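Below: one structure, written as structure tokens.
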Amino acid sequence: KDWKTVTIALEGAYEPWNLTKPDGTLDGFEIDLAKDLCGRMKVECKFIAQDWDGMIPSLNAGKFDVIMDALSITDERKQVIAFSKPYAATPASFAGLKSGPLATLAGTGTTVTLTGDAAHDKPVVDKLREALKGKTIGIQSATVYTKFLNDNFKDIATITEYKTSAEHDLDVTAGRIDVAFDDDTYFTSAFAKPDNAEMMVVGPEIVGPIWGEGEGAGFRKADTDLRDMFSKAITDAIADGTVKKLSLKWFKLDVTPVSVP
Amino acid sequence: MISSFSWTDTFFQLLAALPNTLLLFILSISIGCIMALGIVWMRMSRNRLLSGFARGYIFVFRGTPLLIQMFLLFYGLGQFRFLHDTPAWWVLSSRFATAVLALALCTAGYSAEIFRGGLLAVPSREIEAGRAIGMSGFLLLRRIVAPIALRQALPAYSTEIVLMVKSTSLASLVAVAEITGVAAKIAHTYYSSIGVFLLAGAFYLVINFIIIRIVGLLEYRLSPHLRLMPARAQTPRTIVG
Amino acid sequence: MAASSEIALSVRNIRKRFGQHEVLKGISVDAHQGDVISILGSSGSGKSTFLRCINLLETPDEGEIVVAGEKIAMRRHRNGQLEPANGRQVDRIRSEIGMVFQSFNLWSHMTVLQNLIEGPVHVQRRPRAECIAEAEALLERVGLADRRHYYPSHMSGGQQQRAAIARALAMRPKVMLFDEPTSALDPELVGEVLRVMRSLAEEGRTMLVVTHEMSFARNVSNRVMFLHKGEVEADGSPDELFKDMKSERFKNFVSGQQH
Amino acid sequence: MLYLINLLGFSKEGWGLYLLGAALMTVAVTLAALVIGAFVGSFVAWAKLSRNLTARIAGDAYTTIFRGMPELLIIYVVFFGGSAAVTAAAEQFGIEGFLGMPSFLAGAIGVGLISASYQAEVFRGSFTAIVPGEIEAARAIGMPRLMRFRRIIAPQVMRFAIPGLGNVWQLSLKDSALISVTGLVEIMNASNKAAGSTHQFFIFYIVGGTLYLILTSLSNRVFNAGEAHVAKSFRRPAGMQGS
Amino acid sequence: MAASSEIALSVRNIRKRFGQHEVLKGISVDAHQGDVISILGSSGSGKSTFLRCINLLETPDEGEIVVAGEKIAMRRHRNGQLEPANGRQVDRIRSEIGMVFQSFNLWSHMTVLQNLIEGPVHVQRRPRAECIAEAEALLERVGLADRRHYYPSHMSGGQQQRAAIARALAMRPKVMLFDEPTSALDPELVGEVLRVMRSLAEEGRTMLVVTHEMSFARNVSNRVMFLHKGEVEADGSPDELFKDMKSERFKNFVSGQQH
């Protein structure tokens, strides 16, 4: 198929990755990036907003061609859709109340790398286990963080799954849970808002292969040609620093994937 | 290791969430029904303060999506720190109790309107006959108005009951693990949404099918006077009430 | 049928309007104990409305009602409408006044027997078994024994009317208000019902009977009121009224001729 | 405070206009759904009251399924199923590629079909409140079935159904919130987007709720006027005035 | 009042049971054009059921009905119940048979005038203006001209009954079925309504009238049927029946005595 125009779907409600402006137009890191990628591929890009719940079925039904919605590349998802090379890989961390008992959690302000290899990760995990014993941790359900938390903390802490990230923040503020675990880019922008003024990141920022490959664009499995076009464009954009530039603009930190195999 | 999708696993995970769904439903519908009776009483009262309050209540709870009500009740009230020291926190600190409360508050508004519709359909002649022998207030309500009104309101109320079964799915918003929440989690993990949701839908359909049957039976029992005379049994076995 | 001198029911100067239309223009009557008062009048003259005002199913705009010496307390609502001051009192007095409605008004969700025992059991709180026995005797008396488990919607017009009469009697009221109690009955049953009413009169019950049966007015009642356009046009003993025919209107009315 | 005014105002940075447009969309899609629902619902009610066993079973099946299934699912099925059907039909005419069912249409049909099952129950309940004699009177003068329905039954059903229909309207208004999965920008969808884009969840949920309340109070006026209009022919016993 | 020899309505061997209870046990009647047939019988004897069977409001279990030479086609349903074979035919025939119900059954959502023009305008599709003029004349005739914009629930019993009669007449039916058309009326109005019915008879309309007015049966009708427990107990001209009193039951019935 000869791709002249490509329709890209995003939620439009996940600032700063993608968001809606009051005039109804879309904006955000992924919009800027997609515009740049389309320029490179010499195709015309159209954006549409799509609710998270209908995202993958709509892609497969043919309503649009690409998903760029902070979609983590996972093996489960690979069974139903195809992914491009990742264009971002984000660190994750715990967040709690400034006045809470975990505010002094060791390692706050540092960055650690976890590989998913138990032996390598043990020292970091053990420290966290000690601190989180008997606490309640909130996470967004069906994310790459679920497995990490279930594997390492389920036996000593209560894990509560929320539909959206905003809800675990609200429950931290309300005092129903002790910490939330999520994407750093999300926390950075969430903490800038008055509702979350009492919250802060506690403990180390966690990066590394444990979170998988990172976030990539999603395609119908049949559209391998389109996927390859995107992968190439992403590789170029990473190489010439465009991704880094946009990342700093939107996230105030660099989320460029470290290793591009 | 890739954990792969399996229908049997999905089925059993949904089944495990069934008790939560049923409990949410039963508690909220019973509490909501009792509240609705109080509200409809106030609504029909001649006291302006009472009827004004009831109107306001019905207006707010019928007028906004349950999703928003639940969100504000659970997360909104939670933000007020001073509530943590009051007995209200006893309810608000529990996800389950808050979900039941939100569901009950909402259904009370709807049910009150339904009951009022039933009351309006009671023939005035029969009410007069009750007044004429000195019935009034609660007695008149219990013996004459309520039985007839119940019969009239039952079709609409069965709808409300069935809606409540489905509304329990919103409890996933406050992280109570009921059927829809579990289904959404599975669906988002394995990305086969429609299939998983259809299976979850089948659970609701079965519950609702049973409920609709029961209400239908009740309706039939309550309306012998509207039916043609059956060929057998001209005399009811018992004299009710 | 001689009336004792004790006043069982006294109605003073009742007025009632529906919208623009004044239906009752100040009607008064004193019923002594044991009185049987026939209320005659052409269709739409306000007979039913008058009966309904007596037990306050319709709230009169003016006037007072005294039952067995007890005045029903009324007060004026902010909007100028009269209303009963004391709901309890009204309930109590209503339970002592029996009423047979022109349109029967049986409770559709109850069988005939249930209709009959409803008031005695739940309003008067008499023992259920006693009430059932009494109700069955009453049904026997009006010829409905074999219909006791029927719902009103499964009965003929005359059967419903008899059930309504029996229901009123089951309350053992002191004062009875009958609104055309024999309209749906055949001559045979009319005779029977009139006999029942006569025996009630002999027991000393007070009755106000709206009727179109001249024979009843003449032979059973000891007083006749003729309403015309919301006013009492003629009032007196049947002998006086039917013999003298002073009122031209009454004469026309009775003779069945159009004026 | 100033911040709030800016946030919700009608200026370039304010969400006022966006939300207002969404509110209009909600009204439009709910109205369309109500009309579809009234049409389908009266047929279903008729089937359920019919003496024909097959019709009765079909009617029962309809209300059981459409009341018993979660609303979201029905909207999904209508949207994706409808789109698949449109695409397949287009292919017959040689038109390639995906032809989406417009999300407004899909939403209106989805919510409309759900609303039909509720309306059917309301109509059925009201039907049983009609004095049977009045229907007999119509049969006695030889009114054909359809006319009987139009002239005698429907007006009386409407008379008794107004409170119940008020409920259905409310339900449909809120079911319309689920259409956001098809991408239609109605109140819920707009509030979610505004909240997600600004991280002001409370403000936008309260604003969303308020918009629904405003719609409710407007529609309440319509229903109350309707109730008052039909009350003319009722006789209410003293002390039981409904409103 | 001489009946022509043309048969306007013929009913053969009608049977009807409710549950265990057989209400009509094979009733037949031939009504010639211009006939006025009084149907007498005690309460619950099946008079209303009989009238209701004639225009198929109640489906008979057995029997056939022929109106103006046209037989109403019936078929047997799977469950053994008889049912009309052709809905259209039934509707057409019904529009030629007028019926006044014992309980009036006015349409409560329409004013009196609307009740009257409903059938003529919508079933018979006559011009609206003409129907209104005719309806107003009819209302004048039954003394309801000033009530034409009232709803039934705001009218007295007698007014409702007169409205029901006028509604039936507005359809200009060939055959009229009256179920106790004067039960709620005062003597004056009874006289007036009977006059109306007599004039209808003179115009050649066929009438079946369930009544408890012996004077009507005697003086207006040319034939009297006496039903007893679902069977025709006596049948003949009023002179024959009322003079000879062959049937003991009929004698008791008329004299208003209990047997």
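Side notes on the structure shown:
Should a chain be cited, it is by its letter among A, B, C, D and E, assigned in written order, with residues numbered from 1 in that chain.
Definition applied: contacts are C-beta pairs under 8 Å (C-beta built on N, C-alpha and C of every residue); 3 or more make two chains touch, one makes a residue touch a chain.
Each chain and its UniProt protein: B, D = Octopine/nopaline transport system permease protein; C, E = Octopine/nopaline transport system ATP-binding protein.
Computed from a prediction, not measured in an experiment: that's the story for all the values here.
Counting hops only between chains that touch, chain A reaches chain C in a minimum of 2. With chains reduced to the mean position of their C-alpha atoms, the one farthest from chain E is A.
Averaging C-alpha coordinates per chain and comparing to chain C, the farthest chain turns out to be A. With centres set at the average Cα position, the gap from chain C to chain D is 50 Å.
Rounded to whole angstrom units, the spacing between the C-alpha centres of chain D and chain E is 46. With centres defined as mean CA coordinates, chain E is found 30 Å away from chain C.
In chain C, the positions touching at least two other chains are 57, 103, 153-154.
The multi-chain contact residues of chain D, meaning those touching 2 or more other chains, are 72, 76, 80, 131, 201-202, 234-235, 237. Each of residues 75, 79, 123-124, 128, 131, 151, 193-194, 226, 229, 234 in chain B touches at least two other chains.
Contacts from chain D toward chain E in the complex involve residues 131, 133-134, 136-145, 147, 151-152, 155-156, 159, 230, 232-235.
Contacts from chain B toward chain D in the complex involve residues 44, 46, 59-60, 62-69, 71-72, 75-76, 79, 110, 113-114, 116-117, 119-121, 123-124, 127-128, 131, 151-156, 158-160, 162-163, 166, 169, 180, 193-194, 197-198, 200-201, 204-205, 207-209, 212, 223, 226. By the touch criterion stated above, chain B contacts chain A in their complex at residues 2-5, 75, 78-79, 81, 84, 93, 95, 172-173, 175, 181, 184-185, 188-194.
Of all the residues in chain D, the ones that touch chain B in their complex are 63-65, 67-73, 76, 80, 117-118, 121-122, 124-126, 128-129, 131, 160, 163-164, 166-167, 170-171, 174, 177, 188, 201-202, 205-206, 208-209, 212-213, 215-217, 220, 234-237, 239-242. Those residues of chain E that touch chain D in the shared complex are 55, 57, 87-88, 90-99, 101, 103-110, 118-119, 122-123, 151-154, 167-168, 171.
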